[in-house]
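Following this line, the structures themselves.
One chain, subunit A, links the two complexes that follow: it is found with subunit B in the first and with subunit C in the second.
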Partner chain A sequence: MSETTLGGIAGRMPKFLRRADPAVVTAFACIVVLLLLGSLYSRSFLSPEYLLQQLKVASFLGVIATGMMLVILLGQIDLSVPWSVATGAMMACAAAAYGSVGVALAIPFGVLCGVAIGLVNGIGVAYLRIPSMIITLATNAVAQGLMVVYTGGFSPQDSATAAMRYLATGFTIPGVPNAVIIWALIGAAMVFVLTRTSFGRAVYGIGNRERAAYLSGIDTRRIVLIAFAVSGGLSAFGGVLLAGYASKAAQSMGDAYLLPSIAAVVLGGTSILGGRGSYLGTVAGVILITLLQSILSVMQMPEAGRQIIYGAVIVSMLLLYGRAPASR
Partner chain B sequence: MKDWRYWLAEQRGTLLAFGIFIVMFAIYSANHPAGFTANVVQTAANKGVLLAFVAMAQTLVVITAGIDLSVGMIFTLTNCMASWLVIGTGLETAFGVLAVLGTGLLCGAVNGAIVIYGRLQPIVATIATGAVFFGLALLLRPVPGGSVNEDLADFLTGRFFGVVPASLVALLVIVLVVWVPFSRSELGRAAYAAGSSETAAYMSGVPIRRGKFLAYTLAGLLAAIGGLFLTFFTYTGEAAYASGNAYTLFSIAAVVLGGVSLFGGKGSAIGAIFGALAFRTIGDLLFVFDFDPLWQPLFQGVILLIAVSLGAFALFRVRNRLEWFL
Partner chain C sequence: MDGAAPLFRMEGISKRYGGVRALEKADLTVAAGGIHAILGENGAGKSTLIKIMAGVVAPDEGTMTLDGREVSFASPAAANQSGIVCIFQELSLIPELSVADNIVISDPPKRFGMIDRKAQRRIAEEALARAGASDIHPCALVKDLPLSRRQMVEIAKALARKPRILILDEATSALTAADVAKVFEVLKRLRSEGLALLYISHRMNEIAELADHCTVFRNGRNVASYPAGSKSDNEVVELMIGREYSHIFPPKPGPTAAATTVLEARNLSWADRLDNISLSVRAGEVVGLGGLDGQGQRELLLAFFGVLRGLSGEILIDGKPVSIASPTAASHGRIGMALIPEDRKTEGLMLPMTVRENLSFAALDRLSKGGIIDRAAEQRLIDDMVGLLAIKTAGLDIPVGALSGGNQQKVVIAKWLMRQPRIILLNDPTRGIDVGTKQELYQLMRKLADAGAAILFYSTDYDELIGCCDRVLVLYDGAVKRELVGAEITEHALIASALNIHGEGAGPRQGAGA
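This part shows the complex of A and B:
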């Protein structure tokens, strides 16, 4: 419905503006405003190094938000992100402790653990028809329980492999952090899947009305299952990258990613009821959230103030353009 | 259908939760080293009542087909507030209690206003307001500390006549003062109707907005009562992110166990209370069987997973596959 095509740039500007999703435009406008506000505070805010650093930090959230977006497009939600992230990170680091085979398989193993969590979510939502909010909270609790038992309640001592560190902090192309490239690749794949494949069509269809999608011959349960598995895998991959960035996993490393990933998707104009939204919007949402966090920390705001401003900004932005239609 | 059969069908979830609780508590007290004594009951009651209050709060919102992911944070915020205010002379303490409860009401009203008049989805809106409430809690208590009027705390966490746990009596009073009038009022009925079918309720001229707003507001109040009791038990205030989140999660588990439908319009706070007590007892079963406490989070998670999967049995009764999609 509200597709934002970059191809529209080729046409006349007014036409592009007319075709663009107002939510995405607002999100990008907010990014510009934030950058301007930041540059008033400090000169270095508009320097390429700083912006690239922000993009690198944003890419972790970007990877996680990609999975979240897929699930939200279905009209569902994935609240198991915190411990999918932590499980991916911890399991990848744990695998690294088992010799050279373990080191080689660390990243796939971490991601697979996330896929497993996602599969449980997907089976619960698609086949057992449990509301996604509930089943994902439950799997989140189970994943937490498993990790607490595994680590004995302390942060694990294993550290990230060289490959994980390289993915998160290295440079393949000079000047462009690897994490950003990874996000770009995942994002491109997501755009392709959403716009060019029947799977993507089915995701939008289910988000609009699952019953209609089912009647038009889509195996909706399989699509939902796959979407949740992908979301779990991407969350875990985000965790793997984060572990590479910090060179180890930590107990509550995923807690800081639940609200931001949902907020990034929703601020990017994707309807939380599903069926509507573009990946470009999610990119805008991720950058917006990252910039907001960065500005708050540059201003040396204490944690309490950050939480308050953060929540308030998200509510007010949603009030600006994320409202549901009124009852007739 | 005959009257009593209708009543039985209506209360099935609540009765089931009551049954689960009785069985679990029987196993618990039979295996407890001290046996079924007033002390054991008092400790269990004090732990269970906290979750019961938060679960009641969650029930009110869930009935309207919404969800409040900020209840745990309201609980934490009011705990931190109470550790500053509920202290001193009788009058000061009373003022403190009122201020804490008022804060809870305000938090609930903010949630309600954003969800109903701002027309945002409850999930996103309450996660965001939860962040704000947690930030405020952190502002009040950057490090754990504070104190509380210990006379009042000991009175409300002790026993009446040496047998009846005071916290259970308090819970009963709150049920009689808040839940019973609400569920029997016109606005309470509107909250149920809104959860059952918002469109139909709107078309029939039911005051759904006011009903839902009242539900969210009272949810804030009940979470604040929970926070107040937490302060009475611990004598301190602490802005603990993990504990706030855990209470939100457990409140949903308790609501599900208590037979409240997450699609709205069905269930009662009484069911949720027994759900909460049962959930707590199940968690504590590990201790009487001498398991490593490290296993508790996993155990609670698995219980939660099983509890939410039980609802899937209704699928076997579905004849028409289209009914999968509600």
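This part shows the complex of A and C:
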């Protein structure tokens, strides 16, 4: 098992590294290697401007991956990310067309639409016992249909509100993009929820052994429902931010976030079977994925080649440590 | 029997699972052309013995000889090759495939690399005929057959492998009386064809009718081997109990009639597993559930804990009817129930999570304010529990899976004691743990009862029921068959009522629907 070999390596590491999850350490090491490889191609890969720009781009994925992580920790999956993102963006922009009240409520309305999608997912998984892979794929298709009906199949004409643009591109603290601050806040909240609350404990418990959690008197269905609602809401919020970034919503804006959000969570050491993983790992995974995409596009690799390398790198990194089974 | 060379012989077979000794220097000799019955209590080592014979598990030591040549089986397929075929208690058929597909599944006849359907059907028909079930169509889907027919297909499947030794492990437990008679005809014919049959059953009357030779197992050893019919039922029961096995149990307080009834069930029924069960447990009382494994004891505990859907009958707490819809409802609030589940590894614990997380998992609602865990309170309560139960662990932040079985079980119990339950349901809590820890658990159980808890305790170990319980209810086929109180709780009474034998030496009765 790779866990024992990693444990052997870890034994020779300094104490603070030994206590860290080997998968998280590996992910951060991969980030450093990627940056060094990139700097061989161009010095600008190590410039603060570039790195800050990457962090800003990463924060959209980071917000979406936060929700995905919660669902994956339960041992489930949320495939409704693409159109939860698009729905959040489109509905927020749509609300903006309804006068000043609409502008004020644009962001919460967009997020609420995502929560609604998540609630449908959660009810399907927790109460109707539909496999999450099926129900989330179905709600994704329904959300897509609803959005196509709403827009008439064209790119929506409504544009993002000033508040959305400010959140995505503005600077409250000089030098630190607002999007990064938002990701940091959401991330901090997630760490708190996962480590300090009974909800977080229950999520890990269900992910490890749902039956044991249920027999321990945990209301497992409620926890699963909430997790999916949070995931939907965060996806939609990611969409709101993206709409602010691009000034408007677009039909397929969420498509590019499904695989990366899952890959970021899993590359960060969270078990795809649930029950194991830390938020720090997800942060590393998000940055890793973002850097990889950026470096490949800066190298002006043709799209096809980029996809191949992107996929191959994810698979090989998963082979490095992603297969370690839980100790059961 | 003595003159003929034995077909198969096992000598000095031992097998351990972790620290638990399942078989200890066991011997078995099987002759061709005979039906050999194997008897023993739950956990006496019968299952391990036949798993070794069938190549499912490898023995730690000992030799097996077939036709005088030493053999060892790397897999069930290797055992099949040598002519040893086993029909296990759990059915091994694939419901979505046809009868014929199932019968030849491990070695289908082939032509040009494809399955030869004609030959397959012919083989299936022959096998079914040999099993006395030629009324089953080879092309029928297994899922369309009733349970008893499936069992016949299972036998046909075993026969299609041309066995020389056929092992039947509780193979009749799912059959109706008419089917049992049919199977017996088949088994007797197979015996006359020269097959060796090993027959494992808890039904004494079946063994009396079929067997030529019997071997009794107890605590992983074969304690007696004798020609069938040479011993009475009572003698056999005594052999199965033995006299060497004893624990130190805390003294019982004696009858205290005044205590109030805390937990009561009236006419509890569920599917075909629970049949009109009524019982009551008073505060301070330890009530045992006895009987053979799988007679509805587990379902009864799960029913109380709100796990089963579609339950009929009434559950009363403190004399008031309640509806318990989930474990959350059972454990929270006024009811205050706790269930120590059957399998601590899958139902009691989250093995990869830490000892700390597991301990506080069932009491999170009590340890948190507004959903945020009060770490200081958590630490205090955990320290109390680790001290109270003397849990041996290298630390609170190691995975609970790293602890020994006994300490894992203590964690399961401790996590429930953190809620201070008034009603404690225990589902075979001492399975697979060492004697020292067992003794601690017995004392703890009595301590909790003395403090006013009502305890319902299922155990597969009769000694425990005798040593720990104020009353024992013996279940058979989902119904309470007998209640034993105080001095009535003896090994003999427990086993006799578990096997549903009435009185001394009276004829055994078939269970309802069996």
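We adopt the following convention: the second predicted complex is superposed on the first by the 310 of 328 C-alpha atoms of A that agree within 3 Å, B and C clash if a C-alpha of one lies under 4 Å from a C-alpha of the other, contacts with A are read in each partner's own complex, and residues count from 1 in each chain.
Everything below uses one rule, namely that a residue touches a chain if its C-beta (ideal position, glycine included) is under 8 Å from a C-beta of that chain, and two chains touch if they have at least 3 such contacts.
Remember, predicted model here, so these are calculated numbers, not experimental data.
Engineer: Spot which of subunit B and subunit C makes contact with more residues of subunit A, would you?
Structural biologist: Of the two chains, more subunit A residues are contacted by B.
Engineer: May I ask you to decide whether A:Asp219 touches subunit B, subunit C, both, or neither, giving the answer as first, second, both or neither?
Structural biologist: A:Asp219: touches subunit C, not subunit B.
Engineer: Kindly classify A:Val25 by the partners it touches after superposition: subunit B alone (first), subunit C alone (second), both, or neither?
Structural biologist: A:Val25 contacts neither subunit B nor subunit C.
Engineer: Using the superposition on chain A described above, determine whether A:Val176 touches subunit B (first), subunit C (second), both, or neither.
Structural biologist: Neither subunit B nor subunit C is touched by A:Val176.
Engineer: Is A:Leu35 in contact with subunit B, with subunit C, with both, or with neither (first, second, both, neither)?
Structural biologist: Touch status of A:Leu35: no partner.
Engineer: Have a look at where A:Arg211 lands relative to subunit B and subunit C in the superposition and call it first, second, both or neither.
Structural biologist: After superposing on A, A:Arg211 lies in contact with both subunit B and subunit C.
Engineer: Looking at A:Val148 after the superposition, I want to know if it touches subunit B, subunit C, both of them or none. Which is it: first, second, both, neither?
Structural biologist: Once the two structures are laid over each other on A, A:Val148 reaches subunit B alone.
Engineer: After the superposition on A, what does A:Gly305 contact: first (subunit B), second (subunit C), both or neither?
Structural biologist: First partner only, subunit B.
Engineer: Is A:Leu112 contacted by the first partner subunit B, the second partner subunit C, both or neither?
Structural biologist: A:Leu112 contacts neither subunit B nor subunit C.
Engineer: For subunit A, what residues appear in both contact lists, the one with subunit B and the one with subunit C?
Structural biologist: Residues 211, 214-215, 326-328, which sit in both footprints.
Engineer: For the complex, which residues does subunit C have touching subunit A?
Structural biologist: 305, 307, 326-328, 330-332, 339, 341, 345-353, 357, 360-362, 364-365, 367-368, 371-373, 375, 399, 401, 415
Engineer: Using the touch definition up top, name the residues of subunit B that touch subunit A in the complex.
Structural biologist: Touch residues, subunit B against subunit A: 67, 114, 118-121, 123-125, 127-132, 134-139, 142, 198-199, 202, 241-242, 245, 249, 252-253, 256, 262-263, 294-302, 304-305, 308-309, 311-312, 315, 321-322, 324-325.
Engineer: So in the complex, the part of subunit A that touches subunit C is made up of which residues?
Structural biologist: 196-199, 201-202, 204-205, 208-209, 211-219, 275-276, 326-328
Engineer: Could you list, by residue number, the parts of subunit A that touch subunit B in their complex?
Structural biologist: The touching residues are 77, 124, 128-131, 133-135, 137-146, 148-149, 152-153, 210-211, 214-215, 220, 252, 255, 258-259, 262-263, 266, 272-273, 302-312, 314-315, 318-319, 322-328.
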